[in-house]
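Following are the structures in question.
You will see chain A twice below: alongside chain B first, and alongside chain C after that.
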Partner chain A sequence: MAGATTLRLGAAQAIGQTRFEARAATRETALVKWLILGTALTFFAVFLLMPLIAVFVEALRKGWETYASALVDPDALSALRLTLLAAAIALPLNLVFGVCAAWAIAKFEFRGKHFLITLIDLPFSVSPVIAGLIYVLVFGAQGWFGPWLAEHDVKIIFAVPGIVLATVFVTFPFIARELIPLMQAQGKEEEEAAVVLGANGLQTFWHVTLPNVKWGLLYGVILTNARAMGEFGAVSVVSGHIRGETNTLPLHVEILYNEYQFAAAFAVASLLALLALVTLGIKTWIEHRAAHAQHDLHEGQP
Partner chain B sequence: MSTAKTFRVLPGFGPTLGYTLAYLSLLVLIPLAAVFLKTAELTFAEFWNVVTAPRVVASYKLSFGMSLLAAAINAVFGLMLAWALVRYSFPGKKLIDALVDLPFALPTAVAGIALTALYAKNGWIGQFLEPLGIQVAFKPLGVLVALVFIGLPFVVRTVQPILEDLDTELEEAATSLGAQRWQAFRHVILPIVFPALLTGFALAFARAVGEYGSVIFIAGNIPMVSEITPLMIITKLEQYDYTGATAIATVMLILSFTLLLLINGLQAWTAKRTGRDR
Partner chain C sequence: MSIQVRNIHKRFGSFIALDDVSLDFPTGELVALLGPSGCGKTTLLRVIAGLESADAGQVLLDGDDASGTHVRDRQVGFVFQHYALFRHMSVFDNVAFGLRMKPRGQRPTEKQIAGKVHALLDLVQLDWLADRFPAQLSGGQRQRIALARALAVEPRVLLLDEPFGALDAKVRKELRRWLRKLHDELHVTSIFVTHDQEEALEVADRVVLMNQGAVEQIGTPEEVYRRPATPFVYGFLGAVNLFHGRVDGEGLRVGDARLPQQARGFGEGAEVLAFARPHELDIVPDAGAGEGIAARVSRVLAFGITARVELDGLNGAQGQHFEVEITRERVDRLGLAEGQAVRLLPSHLSLFESRQAATTAGAAR
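Right after this comes the complex of A and B.
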């Protein structure tokens, strides 16, 4: 399922090229061209651009003061802290997993490899609501470990650990799926040479593998981060919506919205939209850098 | 078992694979198995009663119908957008190319309230639709709009690389053999792009069926009319009906797994058709 989200290495160059427009055989008549372009751009403007602009316009509808006060509200700040905390735990966990999974899958041959990749993809194809539900079934009051947890006074569901678990689940495949194809394409000759020359496993990974996959890894990390901070459905199921305690930023947006505090809801939402824009900015920058690195490699330059 | 252990130069196979399997099992596989085990507590008749209750069936119709329609809309307009991004040069192209991924990066709740604001009666788009008698917000049509939004990048991003890799020679050959532009598209380009287009369609559909955050704000959530299936799970959970919620989740999971296998098959087909790596 991750196919659509993986880094496009040639993207930066492909966007700049005009080879199709330069030849008569690959060109449409001006009328057809403007028809396609006009339709595509209108669709883009209506479905992508307008919602984005609407977030900021609605956020500032009641002026900067309302905007600022919505952001420094104690409940908003505690939601921000929880969002950052959940991302700060989920990210390293999935990073270690992603690197391990990619190393095992890309550098070794074993039976059931394709099946394993499919299993890693599973969280992408599961509804976020079900992602929350499964942890309720395991750790909730009615769940497998519910009675035991209650006895030992450990709260997972309707508490912070549940939110972290749900976040880990929805961001589970991102880094692994980014690294696996890259590391497979890289082959293993360079690593084998390093090992033969006496490097140990960690040195080999750090000095040989990592420099080759750093852009893909970084892309996986920012995707994971964006999804971790923005997840709504899964977190909503396990959160319990306790203000100031188990509310993340997206849940805080929902609460404000349902209380008809629209300007405040959009103010907090604009913070998340800004995060999305920064994520896309970094992504574009990574694609640019990765394309240049690849270009230099082909040209035989350092 | 072979007598000689395969010799591996690179270290770390055992630990990394072991960790991968343990982490995967603990966080994904075992919790997912809980859904099926919990459902197994029901007799088949009880299960059938829950998953075919009229309100739940109405939610399937809405979820699947709107998801299919949204994926189809995205297939058409996503192909056009990918085509424009690959073939034409126009101002702001790089920015538009970067913003296509917005639905991946924008939290679903934010998308939900923004779309609701746009399509409400007094919203930027809603005010023009209202006189035409078209209501989007808080109606089934709202579900469609939200699902189109979240599905768009799946189609664009699966089709775009295939279009970029197309050799101009193919179309030149078609033209020199007397094909019209439309014929070249229909008989030369489309067969190459089709598997990727279908993959994008399936990805957008799979995502749409499970989508929750962006839909619930704009749908209005009226029983029998504009309730999506994931919302039915939430509703059952809020009534502490865990077995009911789990039974519906089982139906959705089986569909998701089927789609996942189908998409894997489609991606293999794309790879075969275009000679690209998956």
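Right after this comes the complex of A and C.
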């Protein structure tokens, strides 16, 4: 018995194992281990894995033909186009804003800095429905700018601009929130070094600041994209649900479901789920690369 | 290039970092700004570089007021304590950075840049590391690369902010010597900030001692070490023993003890601070009530050429600790042992009036 333990430990050390769990002194009893693992895995299966499987199972319940026809339906295609369009507009806007805000907050001292940080978090703390309502109140027919907009024949609410605005609002914080702690942790020294060496502001940003935060930035972009494609609440309020015109994918799913077209609803939902899975895949890859870069950074340090 | 700072004031909130500092740095000298942390030395360096703006006062570079000149146009080289190398660039790209950022008209060709970078890497003896990334280098190597990077743009002055502060003792000593050698070759006006007195005394042509945002003394390393101008400098540079005494007739009274030193220039009964280096104290056997400060031997460290004796004060000097450096023969002749009661007799004392000095000396400890 004792011999076996020694052997096992020896083997573990031979492979170069330094894992926490591999050390006898820090190993939990089997009961505790399985209790913790079991709880985590059960939750994972019931709340995450099962719904995902259910989406695909329900989508394919009536066969591939129904599935395909639900996806090539003109309304579904138009919803897909609108979803991609909203994401394609919201993403660059938030990219520019997020980088600017993070740069300003992390590298400069100014009055009202904490107010700005709080403001950036606003879309996280406000319910998306309220966010949509704000736009209706401002740009709607009875809103502040409603009469003026009607006069100049500009349609924002119940039209594509409103959907884009709502999407921009709810995805506002992702990139800035991702970059601020990263930039703060990196400090200002490299930028100072660049300026002393004669670089101007733009050169410093492009050659020093941006390369240092590129993984964090990509991660923020991925999160923004995921949220932009999946947003329901705020978009629902400003959309008006005009089929083939102002329906995004999530809204289209809801309409199909309310009309008892379950297979079609799940088919479109599976499309969203696929988009989400691709996003997650890219995110994981980025995290892996970032961790790798981090590892390179620390390797060989005294 | 010469540097002058005139009446510089700088405060951070209610903290006064620099209080009316005026200094001259002549061309080609290597000057150390030495002082405890928080004394304003780094702030002064950053003000000279332009990384920090002074609340009042002027920085003159070669006689011209540089207050309106942007950091990037001041042509200063700056070396940071934590290197600040661009972590995503190779060593080569780091050193080439300053040259590549020049406006199109003044920018050398890539070939010229490569030639210059390799020459600089040769100078810091690290040409073989050109393709590595900063993370793959040791601390000492990183700081040498940082120096090469700063020199690439041919700065008119070199400013070093605690350049060896983050390195271990052995590397620090090596780089110190190396920096001195480099300066003797290049003769670029350099200022370096340090809190390590040994470093300042060993490397610099001149030492500026700072405390609480003000300059305490300026001089060659020998001057400031041998003739400290203020109690603060005495306490900061090297080991020292401090006695609080009062002028008493021909001599000096410290607690219950009498010292034979004359206190010229001080009035009768004046409170004074008396400083003695460890080698300026002698140990004599305790012969009851005689001259000298009563103390008890707590440790005898006799493994060098000289012996170091640590003592605790007795009677009037209760709670004080003294350090004495004497020859080993003397230790043997006295037969010093732990716990033995002896008396301390200074061969030389530096005296300062107590009232004005007490606060600064207290802060220095």
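Heads up, the rule we're going with is that the second predicted complex is superposed on the first by the 273 of 302 C-alpha atoms of A that agree within 3 Å, B and C clash if a C-alpha of one lies under 4 Å from a C-alpha of the other, contacts with A are read in each partner's own complex, and residues count from 1 in each chain.
The criterion applied here is as follows: contacts are C-beta pairs under 8 Å (C-beta built on N, C-alpha and C of every residue); 3 or more make two chains touch, one makes a residue touch a chain.
Remember, it's a predicted structure, so these values are computed and weren't measured experimentally.
Novice: Quick check on the superposed pair: does A:Ala265 touch chain B, chain C, both, or neither? Answer first, second, both or neither.
Specialist: After superposing on A, A:Ala265 lies in contact with chain B but is clear of chain C.
Novice: In the superposed arrangement, does A:Ile242 touch chain B (first), chain C (second), both or neither?
Specialist: In the superposition, A:Ile242 contacts neither chain B nor chain C.
Novice: With the two complexes superposed on chain A, say which partner A:Asp121 touches: chain B (first), chain C (second), both, or neither.
Specialist: A:Asp121 contacts chain B only, not chain C.
Novice: Examine A:Ala150 and indicate which partner it touches, taking first as chain B and second as chain C; both and neither are also allowed.
Specialist: neither
Novice: Using the superposition on chain A described above, determine whether A:Leu77 touches chain B (first), chain C (second), both, or neither.
Specialist: In the superposition, A:Leu77 contacts neither chain B nor chain C.
Novice: Could you say whether A:Phe44 touches chain B, chain C, both of them, or neither, answering first, second, both or neither?
Specialist: After superposition on chain A, A:Phe44 lies in contact with chain B alone.
Novice: Which partner does A:Val196 contact after superposing on A: first (chain B), second (chain C), both, neither?
Specialist: Both: A:Val196 reaches chain B and chain C.
Novice: Identify the residues of chain A that lie in both the chain B contact region and the chain C contact region.
Specialist: Of chain A, residues 192, 195-196, 200 contact chain B in one complex and chain C in the other.
Novice: Going by the contact rule set out above, which residues of chain B touch chain A in the complex?
Specialist: Per the touch definition, chain B meets chain A at residues 8-13, 15-17, 19-21, 23-24, 27-32, 34-35, 38, 77, 80-81, 83-90, 93-94, 96-111, 113-115, 117-118, 123-125, 145, 148-149, 152-154, 157-158, 160-161, 164, 168, 171-172, 174-176, 181, 184, 199-200, 203, 206, 209-213, 217, 230-231, 233-234, 237, 240, 242, 245-246, 249, 252-253, 256-257, 259-261, 263-264, 267, 277-278.
Novice: For chain A, which residues are in contact with chain C within the complex?
Specialist: Residue positions touching the partner: 189-190, 192-200, 203, 207-208, 211-212, 296-302.
Novice: Could you please specify the touching residues of chain A with respect to chain B in the complex?
Specialist: So the residues of chain A in touch with chain B come to 1, 3-5, 8, 10-11, 14-15, 18-21, 23-26, 28-29, 32-33, 36-37, 39-41, 43-44, 46-52, 54-55, 58, 96-97, 100-101, 103-105, 107-108, 110, 116, 118-123, 125-130, 133-138, 140, 142-144, 165, 168-169, 172, 181, 185, 188, 191-192, 195-196, 200-201, 204-205, 223, 226, 229-233, 236-237, 249-251, 253-254, 257, 262, 265-266, 269, 272-273, 275-277, 279-281, 283-284.
Novice: Within the complex, which stretch of chain C touches chain A?
Specialist: Residues 49, 51, 71-73, 76-78, 80, 82, 84-88, 97-98, 101-102, 133, 135-139, 146, 149-150, 152-153, 168 of chain C touch chain A in their complex.
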